[in-house]
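What follows is a group of structures, each given as structure tokens.
Next come two complexes, and both contain chain A; in the first it sits with chain B, in the second with chain C.
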Partner chain A sequence: MNDNTRYDIITIGAGHAGCEAALAGARMGCKVMMTAINIDRIAHMPCNPSIGGIGKGQLVREVDALGGEMGRNIDATLVQIKTLNGSKGPAVQALRAQADKRQYSRLMKAKILAEPKIGLRQGEVVAIERAGEEELQVRTADGATFTAKCVIVATGTFLKGEMVIGEIKRPGGRAGESASSFVSGALQRLGLELGRFQSATPPRIWAGSIDATRMIAQPGDVGPLAFSFAGAGRRGRRQKDCYLTYTNKKTHKVIADNLHLSPIKSGSVSAKGPRYCPSIDRKVINFPDRDRHPVFVEPEGWENEELYLQGLTTSMPITVQEKIIRSVEGLEQARIMRPGYAVAYDFVLPHQLKNTLESNAVPGLFAAGQINGTSGYEEAAAQGLIAGINAALKCLGKEPLIVERSQAYIGVLIDDLVTKEIDEPYRMFTSRAEYRLVLRSDNADIRLTPIGHRLGLISDGQMEKTRKKRRGTDECLAKLKATSVRTLDLPGIAVVVAASPAVLKAIDLLRRPEVTIDTLAKIARLGKITKESRHQAEIETKYEGYIKRQLDQIAAQKRLEGVRLPSVDYARIEALSMEARQKLARIKPQSLGQAARIAGVTPADISILMVAIRSKTPAGGEN
Partner chain B sequence: MSGTETIAAISTPIGPGGIGIIRLSGPAALPIVAGLTSVGPNDVNTRPSHTTSLTKIIDPATGVLVDEALVTIMKAPNSYTREDVIEINCHSGMPTLRAVLNLVLAGGARLAEPGEFTKRAFLSGRIDLTQAQAVISLIEAQSDAAARAAASQAEGHVSARINAYRQELIGLAAELEAAIDFSDEEIGPVDAGRLRRQIEAVGEGIEELLKRVEQGRIIDNGLTAVIVGRPNVGKSSLLNALAMEDKAIVSPQPGTTRDVVESRVMLGDVPVQIKDTAGWRVPGDDIETQGIIKTQAALAAADLVILVLDGSESLKAEDLELIGVFKKNTVVVAAINKSDLPQRLNADDLPIAVKDGLIVRLSARTGDGLDSLSAGVAGMIGRLKSAEGNEAIMAGAQQEQDLIRAKASLSGALAASAGSYGEEIVSVFVKEAIVHLGRFCGHDVGEEVLSEIFSRFCIGK
Partner chain C sequence: MSLLDKEYDVLVVGAGVAGVHAAYAAALKQAEVLLLTSSWDTVATLAWGPSWQSANLKKQRPLPGFAGKALAKSLIYQGQRGEGLLTLTDSFKYQGAWKHHLERMAGVTVFQDTCEALEADKRGWTALTSWGASLKAKTAMLAIGPFLQERAKTGEATRLEGRPGETGAERLIESIASLGIGVSEDECRAAPTVAAHSINWDLVRKGAAGKSAGPVGVVYWTKAAGRGRIELAPTSVAGDQIYLQGWKNQPLQDIAGLEKAHTTRPAFSVKYLTVSRQVMDREHMRGLFFAGRLAGAKSYGESAEQGLRAGAAAANVSRET
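And now, the complex of A and B:
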């Protein structure tokens, strides 16, 4: 009973992935052990001190709706919050918050410690091995061994981590923490193939050394905003500003003069980094005609200590970093506290995983977070949650949870990881979700909370709140359908709709871009319906036609999804391109739909596959 | 490729000239044909690949000579299907063709399913999907014009153009996506006016391609024409003359009520299905309008009307009455017949509707002017459906649908950009259009849009 060496689940790592995995596992009733190299750095933010953003914000809402911790944790520790894409449609709006990163970490640690089923233990894992049929064994550098039915590897940027500043290279997982040197080998011995990526972070400067008056203040939104569906957000809460400034010709000259020292030029970093987070060196090389690039100066917490320089990512030698920073308006006197650096690390090629994040080769071994080739806290948290849930379901002997692409960004993320060729660190964008209009921040609860509730991660109260929102929305829609409006009764609108019939259904009126739900509230007697439900009804009505188009696409997609691919010998289908043959043979898609999403497999290849699997005498002629 | 069955079929449409080809493909093609042919210097077993030779086809069971045919050998892998292929070019008409096919089947071949040769070519990697449609058209091409269009398409002219449109739309989609996903990084909204202009331009381009597809369909299937004229102007004579001229007449099939006769003739390059209205106006038919309604219906269904007039008489009220039935957009070729007789008909008297079209003086009796009619009709196709200088496109029904859908998606994009919706809606439509165009020639979208974003915009903090 009190055996401190046997667990249901062990999570290796206490980053954003490890935390969600451990919490979900424990809350679903499993006995969990969580290890980390440094347990003072739980849910640490080694890069930007912010959570959310376009695409990522949707992920956080989904994690929250499923019963994860990230949303609540950031709501409680944010120093600024705002809506991005506010002028665009609700499908692409998203929240972003600046975090007090130390508070964020401390609060997450408190939640882990408050969970009786989680044991937290500092220690570097050096071995992962099979132990009998159903168990895996994990050993730490200090000699302890643990066994568990499931092991979730969530080691982030640590595997054979190598930090680079200018010409200097040294082992390290991230600033101030040692690398993890043995897990790569352990995974390879278990049969997993690894790749190598790179990521970099800008320098941090002392908050007392900037001239904020020469920069543009960027305040948060006043409205009551919150990531979590359980929270309400507070109007007019105290927030901190960010600042916007720009690089200039002088900055670009400093960079050009020192390019030979940039790791991208000198070749000291050869692993592939993300295109969407280019260093300032890269930006200057790739866009020579731009005479400025924005720099966002972001607080790292309530205490006025350190500032993060979004836009100035570089791993040039420190003296050059200083010159670059000081060439920028408002930063002339800036004092570096922590230099920018790049980190190269091993990752698991994620096509070796199932949609549950369990590895194909080793039952019970899961991987989640940056180790799967992603980057970003939100992507890590989403994977951690799914891995934790599925590890728990496995321990409990229940059916796994697979989130579909049409259901959530989480589904898009995982499906992309396990099917697409990942050739740079993967970050979420709304454009990756083909069903973007359906997968909105505002309806993540309606989409996912019932699942979270079934799993035991969502309280009855929260579930009831979601049901009420849906019921209210349906009621609102019914009223709008039942109400006829005389255009005369809507003085403001009569002009616009002058050309239309004198009597219209309220719902048809609402489809017009210039009509809002508030205009119709009185006439359609929406008084008793909550603002949230009204808003939901409005969005659904306005998007309806377009959503239908997307649903048609989903249906068409499902047809391909339904075509199972038998074990096909792709090498023998000569009409397939060489690339398609190799990729299909390697990734072994389970359905035609999955095959179609593999990069390098064209629709032409798909039609060939269709013909080939239907054909009685395929080329090569087994009959 | 052992284990693959050998297939055989009659490969050219039975009809014109009664010439047909029996094609075999598969590992047993050579032995099967060898069993039907005489041994000698032209033995199919010893002849090199890609040779044709006049060969006697003999029924092995009876030793009777069935036909003397041109036998062409194309050995694997240098054949259409990458298997051994033999073509037996019989020239003695349908019964012989059937007899030879039966011998081949008796020898161990299986009758091919429709399209199976092309399927094999496709599965062996010999042709790709984008070429397949063109190749199918090419094989089935009934006319030189169709063959030319298909050949040019197989070279990829059409794909290149559609790809260019697709690239332009991918660029647009990238701009729209960047405006959405990187709005917090100094990427402003997309310039609405330019967006609209670009979408419109691509839409117009596709519209033009659709016209050429239509033209391709006509070349492929042939034109339908109606021949009209009052009794005795020489409609039947003209039809017979045209058929004689090209020796291409398929047996005239009398309509069920004997009031419509259809003939297929070649006018220049173009196969034309001509409906003869002889007997529509039965003398004594008291309900005049009934005839007119029938004529109108036939006119509406036709691509072209051949109006026959008797040049040896002046224009009659009945002629004018008939012309009165034509719709504004009816394409008319006036054949002023009997040019061998003294001419009384003054072309200037003809109504505008006819004068705007093509007018040819000819004689069904002597054959004078028939070539002008053929040339005129061939030229008419261009006038009919497309701007000059652009070749027709041979597209399958699916491909035509792809273009139509792409066009519709672009109209949707325009409407959305005019409304007060966001980029996310315009993007739905633009991406749809990219998918449709991509399907026309075979591509994936997702990653391409992202790559485009990164190469064109400076993104990243």
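And now, the complex of A and C:
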């Protein structure tokens, strides 16, 4: 076996998870091979041509803060960017960008080809096997074999992929692309259990066939906005509009009349679909009282006349799809370019993974992305980054990176995946994060960049920028605490604070909802402090009470999180409920905190476990 | 009117090099064209390397209208090579140019689906697609490149791939047989593509500095012991991937400068079926055209020229019907 076939890490799949994994591994010094069935499809967006959104935007900021690529890539190739929930609190604000799909993919591919430690190689993987003590072997359809210490499976929706429209089924991972036929079997032979999920994508229509005057324009924000902490964004950059329209009673009647032809209803797709990204068929079934549902008409790129119909996901027969679309205001003459369809695919039940994304059954085998039962490019990228980092750390003989729920949305994502039963495709929301006031978009760098820097994924320059931001925030807070303000000096606010004392500390004034940091900038002499630092100081002041409460909760929970669970023979702890014993054995939690989150494990069970560990009752041995 | 009920003048099946030129030429003659493709993301794919050769190797006639513009927009390098020209095209740019042009061109309707069957009737032709659409046109053109293949025998896993990882029409061969169209076997090979950063550029040779019409001024080349020249042809202006133009199955370690080269896309060959040229003249086939690799073309230039001719001819015939 020559050097060309031996790697540190092999990633199977070059989607959003695969790309982050390979880039992270290579940047940490490992020799990485990336395989893909088609290397012209790198970081392809098969569904919504956008990055970010509620919950997802936070993930992208965190991936960027740790040194991942998605944030920079979308900043350079976006067609529109805006802040969602701008009028609501900072915990739920998120960035969302429309992408130029072709440019996004091309740019990511260029970065991969520019990385000398990554060997990108086209080929379909047909076998994954153990090879000796500490190695895995991967074989491709053209007969080549490669070995590596770590293999990251990031095959998205390709495992035994089957596309469905109406009652017609065709094998394939995406339109025009072959499915992966052999990886499922390989994973099962390695001892992994698979489930089956279904995802769907809406039709694409021709831009020349819509009536934009009958829809509501949704422009981007003037900005400057950027996902990446390393970028500044450009104010007033050229952007394309999206359009908002709605379904109506006519639409719903068409769907109801044709429900028997919908794969979901007819049962030709038995796999579970995503609850939070449902097809319009499902929405009409589940919400019969709603007389309209929103439809966002989104561009797919600059030099591109295709439009994506968010909210009209369907896998009804093509003639029905056309009727559905043409019943919507503004789309009466719409011409379908690509039909919508559903795709069913195998996925790995993620409770079989550790919180490092390494599988319990096979050392060195990691899984990341949609293959773990998630939905979304952002969720995939976050997992890919963590899997890549941990595969590299394993190769370097170092301790793995475990991101806690209290540290990042990435931590929430991974903990949910490996602890809960995933029975429908998992999508991130802010409501999933119990500490969302601490895990904000604006402070992802403060939380995570030091980790990225320690790992070698963040430059010294960027680390210093982050330190400066924190220093700036502290300086700002200090100034606000030190400045006394006579309410008479702020005529704009005087009326509102009429009942207040004549002199207040600036910081106390800032707590009031009607006072912004900009009003206080001059009087507290914040001139030299950057906008980012001021913004942070403002949030930390206004939400101080809530933030403190969440920080206290985190501290209290830390005790439980810190109790590592050795490999325990749960069956022999008879005081535990039967359900708890089964669930604990199945999920193999790493900590007492994680054990507490398993559905079916009660607080009483946790107390029993605590006692059992301390008195070192019959155990299978230490971790 | 529903896109599915309309009767088109020309139905072009396949949006490769031949297909896009055919759709373009037909639309220029005011025909209503339906361009049917299994994947609108692989429009005008240059899967066999970045090198363009015209049907007449010595004279590279410029292609007319947008066909020529698309090449010009995506040119990497054009320079003298012996008696002919070496023309290298950036496949991403070429694809983007054609995709956007056809999306905006009056008279062209693009629809993504796979043609599983083609039937003739008094009025013209009907294409049945895999997702159940029935598309009607006065004339039809098949330009599906290497995607016409023998059906696998029953029992074997069906995986019809015209290019690695790309699926095509599994059942179209049945229609071809029912129409009495003779086919013969052909094969096409693509050389490996390697990562530019893995080439030892000190050991390869610089091509002659002549006038290049493209942004890249020089193309390097190398040799394996004794045997012919291998042009290190970049597949994009950035030059991060290099196609081994002129490779003849030599192992990479025997080629100067490529001893440690990393293959990004291994060499591959595809066996496919072609239709004989005589078919096109038969009377009861009036209104059915073939262009590109399917009709025996061996280069992009030949596919393009066949597409232009067939598209114009189909538009003419559709007016007579």
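A few comments on the model shown:
By definition in this document, the second predicted complex is superposed on the first by the 574 of 623 C-alpha atoms of A that agree within 3 Å, B and C clash if a C-alpha of one lies under 4 Å from a C-alpha of the other, contacts with A are read in each partner's own complex, and residues count from 1 in each chain.
We adopt the following convention: a residue touches a chain if its C-beta (ideal position, glycine included) is under 8 Å from a C-beta of that chain, and two chains touch if they have at least 3 such contacts.
Just so we're clear, the structure is a prediction, and the values are computed from it rather than from any experiment.
In the superposition on chain A, A:Trp206 makes contact with chain C only, not with chain B.
Within the superposed three-chain model, A:Gly220 lies out of touch with both chain B and chain C [touch as defined at top].
More residues of chain A lie in touch with B than with the remaining chain of the pair chain B and chain C. In the superposition on chain A, A:Gly71 makes contact with neither chain B nor chain C. Legend: residue contacts after superposition of the two complexes on their common chain; A:Gln310 is shown touching chain B, with no touch to chain C.
By the document's definition of touching, of the two partners only chain C reaches A:Ile318; chain B does not.
Once chain A of one complex is fitted onto chain A of the other, the partner contacts of A:Asn38 are limited to chain C, with no touch recorded for chain B.
By the touch rule above, chain C contacts chain A in their complex via residues 2-4, 38-42, 45, 92, 96, 99-100, 103-104, 109-114, 130-133, 157, 159, 161, 164-167, 195-198, 238, 240-241, 260, 262-266, 268.
By the touch criterion given at the top, residues 1-5, 119-120, 122-125, 128-130, 177, 180-186, 419-425, 427-428, 432, 438-439, 442-444, 446-447, 449-450, 453-454, 458-461 of chain B touch chain A in their complex.
Touching chain B in their complex are the following residues of chain A: 48, 53-55, 84-85, 87-89, 91-92, 96, 274-278, 283, 286-287, 290, 293-294, 296, 310-311, 313, 420, 429-432, 434, 436-437, 513-514, 546, 549-550, 573-576, 596-597, 599, 601-604, 607-608, 611-612, 615, 617-623. The touching residues of chain A, counted against chain C in their complex, run 4, 37-41, 102, 106, 110, 113-114, 116, 119-124, 142, 144, 165-166, 168, 170-172, 175-178, 181, 204, 206-208, 303-306, 317-319, 322, 335-339, 341.
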